[in-house]
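In structure tokens below, several structures.
Note that chain A is present in both complexes that follow, paired respectively with chain B and with chain C.
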Partner chain A sequence: MRVPPGVSSSDFAKALAAFERIVGKEWVFTSEEDVDLYRDAFSPFMGEPEERIASAAVAPVTTEQVQDIVRIANQYKIPLYTISTGKNLGYGGSAPAYSGSVVLDLKRMNKIIEVNEANAYCIVEPGVSYFDLYNYIQEKKLKVWIDCPDPGWGSVVGNAMDRGGGYTQANYRNHFDSHCGMEVVLPNGELMRTGMGAIPNAATWQQYKSGVGPWIDGIFSQSNYGIVTKMGFWLMPEPEAYLRGTISCMNFDDLSAMVETLNFLENSRITAGFPDLGSPLLGYSPVGQVQLFFESGTSMSEEHMKLLATVKDGRSPELEAFGRQHNIPCWQVWLSFHGPMEVIEAQWQASIRHFAKIKGTQAKVVDKTHLPINPADASKFHEPELGIPALRAFSIGARSPYNPTPSKGHMWFSPIIPRTGQAIIDANRVFSKAARELDMPLFRTFTLPACFWERSFIFILATPVTTDPATNKKYREGFKKLIAIGGEHGWGEYRTAPVFQEAVVDVYSFNNHALHRFHETLKDAIDPNGILSAGRYNIWPKHLRGKQS
Partner chain B sequence: MRNRTTRHVASIVMGGLAAVAVMAPSLSLADTGVEHVQGKAVYTKWCAPCHAPGIIHPGTHALETKYQGVKSGVILEWKDLPASYVEYMVRHGMSVMPQFRKTEITDSELKALAAYLSRNTP
Partner chain C sequence: MNRRDFVRTGTTVAALASLSTLAMMRSSLANPATLGPITIDTAVIDERFLESRAFGHVAQQLGARLLTLRGDVTALWRDTLAPRMAGGGGAIAGMTSMATLLCIEQLAKDHWWKVVTRIDHIPATQGTVSHRIDGHALAADRAGTMIQGGTGFAAGLANTLLSHHKSATAARVQRVVEDTARLSAEARRQPLVSWVISA
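Moving on to the complex of A and B:
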């Protein structure tokens, strides 16, 4: 049996026996075979000594059981590592940040406590997946939408806690921002509710976020200060209709004007659906179309593909001439609208009018439909843009005729960059140069950022995980260099796997790491025994600080 | 087309069960039925989003690509899928398919799933 570092075998045995009394023998996992199920399936350290692995796992089903487990962990100084559904693939999966931790697996806490249609909110436990919540809403025929990430089998709470994003309207896509109220088990086992939930018999827990006094919900995300056992989320009332169209610009030099126009329309809420950027000429699929490439391949001609080889930092006079000759736009922004048909048609027309100031712009409606759609037609769309969870995103990495060598997973390099055309060009120049030097297969021609959040771009590069340790080592080291290079330009990751959290946090170093030192001060005050999720986002308890490589 | 094929397979299975019940009265049809109800439910929840028919399901597309027409990419149609292989795959994963923990699919649910997926395997 594996034992957490610094814990005696006898203390560990006593703690495990206590865990068994709390949750039942069936839900404490100690055999190597069972504990191996908690390994990160996408670990870039798979099979190497540095892979972060658990010593055991315990799976409570009630908040009271979570509190009891935390009290026992304090008594015996057992490091716990909390997961919700354990599906944070590409960001650490179900494995701990600190090897030897006991994984606190909340998957069994899967109660949907309330879905309120009239006020459009829900309260869920951490084990509830987006599929669970979607199916519940469908079965009860409630007229509300969820906003789900892609793939959609992860935890509603967990995704928000790691600050994930989705695909419907702007004010729902940021999953942490769209939460309202949480219940937290603190590191001493005490139960706390935030916002209006701090009032006994609260009447508006899911209707007003901040309550009174310091609003502390944020400190529980991407951290290790508490265990969220309930969380409220605002839901979108089911819209009446959906319209999606493309705005195409012909010239490379149109990029900045296109982004500026998009920003104006989005910040004015003339368009609120997920904006998606692509380049038909440079062969770059927008996020919502990537799966179609892996399902059905490209429609590019051989001549077109040949010309792509002449592209440097996105530019090629020959390719641009080819684009003009064959009416293949350099840039395309996909806009989507949800709401009454007469409203979204007007929003689309206003969007076309604003983009028309860019010479040669073409507009085309791709989808226009009343809602709800027939479920049998869902696969004609990028499902998450209609609030429908799916697993089609696994086509990225899975074997297909267009990906004959499947990967073992991927690590997402995803810095936040400014919402400007120039930043897109700069990020391509900087990271493609670095990727070439580091021999990392991150770029084909040119990469466009994703627009999950308002106001900023995420520049996402998928780094494959392979079965070859030497290749994985090269990519891991390269990944860390990319993080540092990003930092030199003022760009930082929004989220990352535990193996890169130290490097990412290191970039946020203003005034001698004042922010990180504040996080450590909080940790020491809230969790003096360092029980909860040691090392998460590089926040280590005092006794482990500076001892990690 | 795919749906039609699936329904056809399902009707053969149902017919097969009825025939077994008639020919072998000692086998409890009720027990067999219950097992597949649970196995099918586990399949629907955990496997179908990636393995249902059609290339929009990455697991099916991957298997179709792998087997190049030698056999179907739809695991529900396989006739050479031992229960032990299902159990191994669920607990170990393959390519971008992760392994599944016992809090997701319990040992008894896995047995039911394996029995369901191997129902056409002699």
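Moving on to the complex of A and C:
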């Protein structure tokens, strides 16, 4: 049996026995086969000694059990690593940041406490998946939508705590921002509620976020200051209709104007659905179409494919001439709208009018439908854009004629950059040069960012995990260099796997790492024994600080 | 590729395991899995693949409930497999794409189910197929023997996995078996995997 570092075998045995008394023997996992379920299937240290592996796991079913486990962990100084359902593959999965931690697995805490249709919110426990919540809403025929990531297999709470995003309207896509109220078990085992939830018998816990005094919800995301056991989320009232269309333009130089227009339309809420950027000419699919590309392949001609080889930093006069000759747009913005048909048609027309200021733009309606759709027709759409959790994303990366050598997994490289056309061009120039020098399979072609967040762009690129340790080592080191190079240009990752959290946090270094030092000060005050999720986002307890690499 | 013993069989048998992989194999056998014999009562197939359909046909003849998908596992998971695993019951066998198994394997963790046997059917350069077996002894051993016997591997594997997991031992076996069988065009484009998943 594995034992947490710094903990004696006898203390560990006593702690496990105490855990068994709290949750029942069947919910404490110590066999290698059971604990291996918590390994990161996409670990960039796959099969190497540095892979981060748990010592055991414990799965409570009530908040009181969580509190009791935390008290026992304090007594025996057992490091716990909290997961909800552990599905964030590419960002670490369910493996701990600190090897030897006991995984505190909350997936049995799967109660949907309330879905309020009139005020469009829900309260859920951490083990509730997007599928669970969607099914509940469908079964009860409630007129609200969830906003889910793609794939939609994870935990609603877990995705928000890791600051994931989705695909419906702007005010729901940022999952942490769309939460309202938390219940948290603190590192000493005490229970706390945030916002209006701090009022006993609160009447507006899910209706007003900040309560009074410092609003502290943010410190519990991407951190190790507490264990969230309940969380509220605002839901989207089921819209009457959906419209999605494309705006295309022919010239590379129109990119900045396209982005500026998109920003204006979004910031004015003329369009609020998930916007998507693609380039038919450069062969770059928008996020919502990637799975179709991997399922069906490209429609590009051989001549078109050959001309792609002439592209440098996104530009090629020959390719642009080819595009104009064959009416293949250089840029394509996908806009989507939810609401009453007469409203979204007007929003679409206003969007066309604004984009028409760019010479030669073409508009096309792709989908226009009343809602709800027939469930049998869901696969005709990118389901998450209709609030439907799906698993089709797994066609991405699977071996197919269009992806003949799939990897064993991936680690997401996901820097945030400004929402300008020039930033897209600059980031491509910087990262493609660096990736070539580092022999990394990223930015090999001109790459477009995603538009999950309202005010910034985000690149999301899969760095392969292979079966070859030497290749994985090269990619790990290259990944860290790309993080640092991004930092030199003012760009930072929004989220990363534990292996890279030190490198990412190191970029956020203003005034001698004042922010990180504040995080450590908080850790020391809140969790003096350092029992909660040691090392998460490089926040180490005092006794382990500086001893990890 | 850790903890795998690479044994190539065909016209000749040659052990190709490196010292390190042999050491890892010994380590694995010294720590046998805690699972014992299991009964399989359900089979999952991807109807797009000839081999998968053959697997399902035999599984059904052996009394298994047959569940089908075509690439996307969403509806099958949401409507059938998730409630099925939540309710316990017998193990599930399948022959699907690797992407589908990854998906089912990760989701099955929500119910503490685990893949106990998997056989990757990797297209080899000569148009043949390389079967990478990792699973419970007896069932995995018999699977290797069956493949070497030259019968159609898809139908044969359904028979072997459904029959021999009932008496499988907990120890795991890892081996690679080369096969002269020809894969369908679909299975060459998107390799298949046979599997057993159990509580």
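Keep this in mind: the second predicted complex is superposed on the first by the 548 of 549 C-alpha atoms of A that agree within 3 Å, B and C clash if a C-alpha of one lies under 4 Å from a C-alpha of the other, contacts with A are read in each partner's own complex, and residues count from 1 in each chain.
The criterion applied here is as follows: a residue touches a chain if its C-beta (ideal position, glycine included) is under 8 Å from a C-beta of that chain, and two chains touch if they have at least 3 such contacts.
Given the structure is predicted, the values throughout are model-derived calculations rather than measurements.
On the superposed chain A, the positions of chain B and chain C overlap enough to count as a clash.
Shared-chain residue A:S256: touches no atom of chain B or chain C. Contacts of A:D34 after superposition: both chain B and chain C are touched.
Measured by the number of chain A residues touched, the leading partner among chain B and chain C is B.
Of the two partner chains placed by the overlay, chain B and chain C both lie in contact with A:R392.
Contacts of A:G47 after superposition on the shared chain: chain C is touched, whereas chain B is not. Using the contact criterion defined above for the overlaid structures, shared-chain residue A:L89 touches chain B and also reaches chain C. In the superposition on chain A, the residues of chain A touched by chain B in one structure and by chain C in the other are 29, 33-34, 37, 41, 85-87, 89, 94, 107, 131, 153, 295, 379, 390-392, 394-395, 397-401.
Within the complex formed with chain B, the residues of chain A that make contact are 27, 29, 33-34, 36-39, 41-42, 57, 59, 85-87, 89, 93-94, 105, 107-108, 127, 131, 153, 291, 294-296, 379, 390-392, 394-401, 404, 406-410.
Residue ranges on chain C touching chain A, taken from their complex, read 1-2, 31, 33-35, 71-74, 77-78, 82, 97-100, 102-103, 105-107, 109-110, 112, 114, 189-191. Those residues of chain B whose C-beta lies close enough to touch chain A in the complex are 45, 49-50, 54-59, 61-62, 65-66, 91, 93, 95-104.
Against chain C, the residues of chain A that register as touching in their complex are 29, 31-34, 37, 41, 46-47, 85-87, 89, 94, 107, 129, 131, 135, 151, 153, 295, 379, 383, 389-392, 394-395, 397-401, 467.
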